[in-house]
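Handing you this structure, nothing more for now.
We just call them A, B, C and D in the order they show up, numbering each chain from 1.
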Amino acid sequence: MTAIETRNAHTVEVGYDEFCGALAARDLKSLWSMQTALMPDVPLPATQPWLWPWDTTYPLAKRAGEIIRIERGGDRRVLAFANPGLNGLPFTSTTLWGAIQYLGPGETAPAHRHSPSAIRFVMVGSGVYTTVDGDACEMEAGDLILTPNWNWHDHNNYGSEPMVWFDGLDLPLMTTLEAVFFENHPDERQSVIGHNLSERAWGSAGLAPANATDLNPAHSPLLRYGYAHVDERLEALHDRDGGQQATVEYVNPATGGPVFSTLGCAMTRLYPGDRTPTRRKTGSSVYVAFRGSGKSVINGTQFDWGAGDVFVTPSWAAVDHVAYGQADLFIISDAPVLKALNIYREIVEAEAQPVNSVFQAT
Amino acid sequence: MTAIETRNAHTVEVGYDEFCGALAARDLKSLWSMQTALMPDVPLPATQPWLWPWDTTYPLAKRAGEIIRIERGGDRRVLAFANPGLNGLPFTSTTLWGAIQYLGPGETAPAHRHSPSAIRFVMVGSGVYTTVDGDACEMEAGDLILTPNWNWHDHNNYGSEPMVWFDGLDLPLMTTLEAVFFENHPDERQSVIGHNLSERAWGSAGLAPANATDLNPAHSPLLRYGYAHVDERLEALHDRDGGQQATVEYVNPATGGPVFSTLGCAMTRLYPGDRTPTRRKTGSSVYVAFRGSGKSVINGTQFDWGAGDVFVTPSWAAVDHVAYGQADLFIISDAPVLKALNIYREIVEAEAQPVNSVFQAT
Amino acid sequence: MTAIETRNAHTVEVGYDEFCGALAARDLKSLWSMQTALMPDVPLPATQPWLWPWDTTYPLAKRAGEIIRIERGGDRRVLAFANPGLNGLPFTSTTLWGAIQYLGPGETAPAHRHSPSAIRFVMVGSGVYTTVDGDACEMEAGDLILTPNWNWHDHNNYGSEPMVWFDGLDLPLMTTLEAVFFENHPDERQSVIGHNLSERAWGSAGLAPANATDLNPAHSPLLRYGYAHVDERLEALHDRDGGQQATVEYVNPATGGPVFSTLGCAMTRLYPGDRTPTRRKTGSSVYVAFRGSGKSVINGTQFDWGAGDVFVTPSWAAVDHVAYGQADLFIISDAPVLKALNIYREIVEAEAQPVNSVFQAT
Amino acid sequence: MTAIETRNAHTVEVGYDEFCGALAARDLKSLWSMQTALMPDVPLPATQPWLWPWDTTYPLAKRAGEIIRIERGGDRRVLAFANPGLNGLPFTSTTLWGAIQYLGPGETAPAHRHSPSAIRFVMVGSGVYTTVDGDACEMEAGDLILTPNWNWHDHNNYGSEPMVWFDGLDLPLMTTLEAVFFENHPDERQSVIGHNLSERAWGSAGLAPANATDLNPAHSPLLRYGYAHVDERLEALHDRDGGQQATVEYVNPATGGPVFSTLGCAMTRLYPGDRTPTRRKTGSSVYVAFRGSGKSVINGTQFDWGAGDVFVTPSWAAVDHVAYGQADLFIISDAPVLKALNIYREIVEAEAQPVNSVFQAT
């Protein structure tokens, strides 16, 4: 028998091709022919670093507002940020869904519930409330609203202007886990029990209602996080610590953990100065530039951003930021998942990464 | 051999007295002679229900202010509420220390630290700050200030009036656990890094500083809980739920758990109406009547209370309350200990307990 | 403007096609055109129920033993069970990797480590040890060996017969999480510190080494679970409870949790009788028929199995089993992931599912 | 006004005595007069280091066997090790009850349950089983049997020789927590469901019954820990690590935590050699010398011990050991309580403590 060379340097013997054919016919795959792709030295993300500029997405969202009606069967007017690395899937990363949602004056996005959990971060507009299991959460620019796993929710614009918000969901992960359930509410709008109820019950730091019955290990009982509080905390942290960057995490006040088991939120405020240290972490993040402008280097490519832009960082990407003035970046990530599974890693590189190219949006 | 009867109905034989003597001489005790006392059907607390009226304690605290100087070696001007059931120990219950502390204008209670954890609940006065590991926490009536396990703390009255606050400590429990450590600070006053720093970092519900370095599983990183927030939350809960009673728990915003591993705090607001349901729970509580007046029935004895009064409920006591107007009761308890050890029990009695007597303060 | 109908019943207006083109060009996707696929009422798994018969896989594994040499660059002689629903990926489900590994007499599969965690369940053979961070774990038929996240491991056949084992990994999940790291050991074989060390330290129920330094929240410190113990426990449970099914979970003795944060193992023993109740759970499982024979109904299709067969159940599949004699099914699942994220659901159907077809292996 | 000196160096003014009288009359205590006693620099245990020799306790236990009958109202023939520092209380330390129990041939200690949790460590004898909620746990020398919080238990000697075991309870702590409940079983002996059931279900390391219904966060589901396993593990640890001391902790296999929330158990095996390092930890321990002989230095006093002797170490005591041959010390401690409350401290002294005296038993 004569030895032959395979692509990945294995010494195999005659009959190999026939053998491979037998495997293929029986739903078997040989590991040795693809070990490097399956087990790279460091993560080899399918997710690509990418940016969607507000100048593009906002006009398209407005246009959708003109030509798409919201109704049962297609309950939401949503444009998803589809990562070009994911083979046409409408996902921003392998675990995170990012999208822009547009709700015109007088419109209602009808009530439903699903096992994927969602956050809504208001980009522009006011005069909207999202009802979550009876609690009408008022939405203003910069506010974060949670619509957790299996909570009924509908969105209602009672104002005179459209609202645009960023939707962040764990849907790609839930799809991989094959754990997506969905149900329409019998009514277009569920009954409103009261306004900002969760905030009224849980809205002071370190004070919890006794014998709370609204606790669920999967998510925060607080559903509304007003921007004014975030702004105040960021300023206080910057006053205390100085530096170029201050960050608050949105947490579950009943546990101190992330807002959802499956998705975390943070706001980082950048102050003018040098590039921040280059960091790498496992898991992906989606950034929404809420205020200000700056640039981020992701794996050697520079991404320039301004208010309303959305960008994504893949797992283990080298990432640093610099702001031209004070800037706020709202961030969702899958870090709670990696941390819950004890597989999270994070490092700070000793040196700033080189900048090799500048991203040009499509 | 002739059988004789012992006190607890055991049939024993001659030689028993000599045998008991042999045990006594060798540091041994027979269980059978005291089983009922050691193992009662339900808890048989040493702690007695008791009340210390403000009309008594405040004048004595003022008098202490005149005749006792604060200085090293006796760092605090403190009158402890000594439960008459505890054989002269200066403890309010077997696990809780309650006391009144008086700090005159211009005075400083010097810096020290200890493994027992303390809370300070301000009864009257203003213009005082307690520095806790460099964080000068401002104190006003109704505020709760934490001085946790092994944190340096000193109290400073920079105002023109005396302050009186309630001290709550886990000292009796720590004494039983033989885990009390104490250390004087080299300086009378430690350096102040800033004012209300913990509140500035942690003071908004559901927002946590990223990468916080001040976390300790034993206690909350938030050290100051202002009364205004408590008042607001209680009103909101009462608006939502109605009823005669609304309660908030002071919690650790980093975990959702109690402020200390060893001691919990709550504020319950009573509204006029009938007596609340009769409840029993394991573990003791100390109540500080902060506002309003009312009466509580504890194991069949009625305790009338008004602002400034302090009372204690032993373990498994039957307890109910009624307020004459809106009233706030601040409460410390050892429930976190019993819950951490998985031995907490709580029941609501089907019927109101009878009132057999009325407590008369000594 | 004239309304037109889209595929999913939305009423849209002229200009829609152009609008869709604009989205496509800018890496945006409209949710309304695919909401049902993304958010089905119940999970719509990509994973297909499937079975790989021993009569097929074993001869191919043997043939691989003849024609594939094991060496650096393709370290393992592994045939992966590739689910036909996953577009050619070598994964058994969206979260689980199942495979058969063949190691001939005298062979060594060289030392490496990776962030995916693996279990090895011995199907046939003896005289092999897997060294895991210096601990040479002996392998016999029915034994379970763990090679956890980032532990060095190599497999060594010092016997005279080949060994075939089942490999179970969390690799598909780790790939989705973009968290795969890999490293070759400098040597083909790492040094052996001793044999069955983890079992010697942790091998008695309820006894833990004091001050253990080998603890890691991601995985069990016990690396070897002998079949004899499993057999003994299953018999005891069946003696105690009767019924048609007894199940033990392989757990981390330091926490009582699953062997890995990302993957759980169990052995279920079936006794002859009626079909077990029809169950559904979120998340997928891979079954290895270790002993005996029987049939399982998965979403209405009957799968007949005997010793050595491997089959997979997708998320939310209706599943029941019946054995023709006493039979042992070894199972890996992603349930620990869904439980850690608080999204696990499980139900028992009121009635047995109908059987609509019988699976024929390819 | 004239300043006077108080005992602890406070400068006070005239009227002090009258003031102190007013406090005393109103159940108030001044902190300044006792601060050092209440807040010592390091723990000032009431618990005294002490030893009860087998030569004393065993004859007394036998004598109790002759003259004390076991019956309702005094259910157990128990001699408690009463620490001379605890004012006549029958407690071995402030948190731990240690005692010797004697059960003659044919005797039954009748069934009851209580909220304090107990361990039974068999010193001599065989042919006894303790039924715990229906599970008849066989007892032989060196075995550990748990009778957890609120589990029915009775002890039955069906053999021909008396048995003596060590009882360890959390009763002193439960007394301080005022959480003791007790109930007699309607029958002298509860029904036996089977023998060694918990061991049959949970008796293999790393294997847990699926869907166990006997789980309780307060205690282990495994009720019997045979000495043979302990012996085997200690030998394996010593083989692996060498040194003079090997220790296993008895743990809850469902959590990896202590056998009870309130009490931990360990066995430490000493090998001949030098004195072990001097350690201090918060919380007390009770040691039962099961095999061998040696000496321990506790706070500078040497305690010589042999098989059957029992001794106690107070909190923060300096402790070291040396064995004359291989010796086994069984230990109970309150460390789980201090750890659950996050107040546990432990240090190793840089130098061996001096030996100032030798303990002489009373």
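Criterion: a contact is a pair of C-beta atoms (placed from the backbone, for glycine too) under 8 Å apart; a residue touches a chain by one contact, two chains touch by 3 or more.
On a predicted model such as this, the values are computed, not experimentally measured, just so you know.
Student: Touching both subunit C and subunit D: give me those chains, sorted by label.
Tutor: Correct list: empty, since no chain touches both.
Student: What chain lies farthest away from subunit D once each centre is taken as the mean of the Cα atoms?
Tutor: So the farthest one, by centre of C-alpha atoms, is A.
Student: Quick check: how many Å separate the C-alpha centres of subunit A and subunit B?
Tutor: That pair's centroid distance is 44 Å.
Student: If you average the CA atoms of subunit A and of subunit D, how many Å lie between those two points?
Tutor: Each chain's C-alpha centroid was found; their separation is 53 Å.
Student: Using mean CA coordinates as chain centres, what's the gap between subunit B and subunit D in Å?
Tutor: A distance of 29 Å separates the two centres.
Student: Which subunit B residues touch at least two other chains?
Tutor: Residues of subunit B touching two or more partner chains: there are none.
Student: Pick one for the touching-chains graph, please: line, ring, star, complete, other.
Tutor: ring
Student: Any two chains that touch count here, so list every such pair.
Tutor: In this structure, the chains touch in these pairs: A-B, A-C, B-D, C-D.
Student: So in the complex, which bits of subunit D are touching subunit B?
Tutor: Those residues of subunit D that touch subunit B are 8-16, 19, 22-23, 25-36, 38-47, 50, 52, 56-57, 60, 63-64, 66-69, 71, 73-84, 90, 93-95, 99, 114-116, 149, 171, 173-183, 216-218, 261-262, 282-284, 314-316, 334, 337-338, 340-343, 345, 361-362.
Student: So in the complex, the part of subunit D that touches subunit C is made up of which residues?
Tutor: It is residues 194, 197, 199-211, 220, 222, 225, 229-230, 232-233, 236-237, 239-240, 247-256, 259, 266, 268 of subunit D that touch subunit C.
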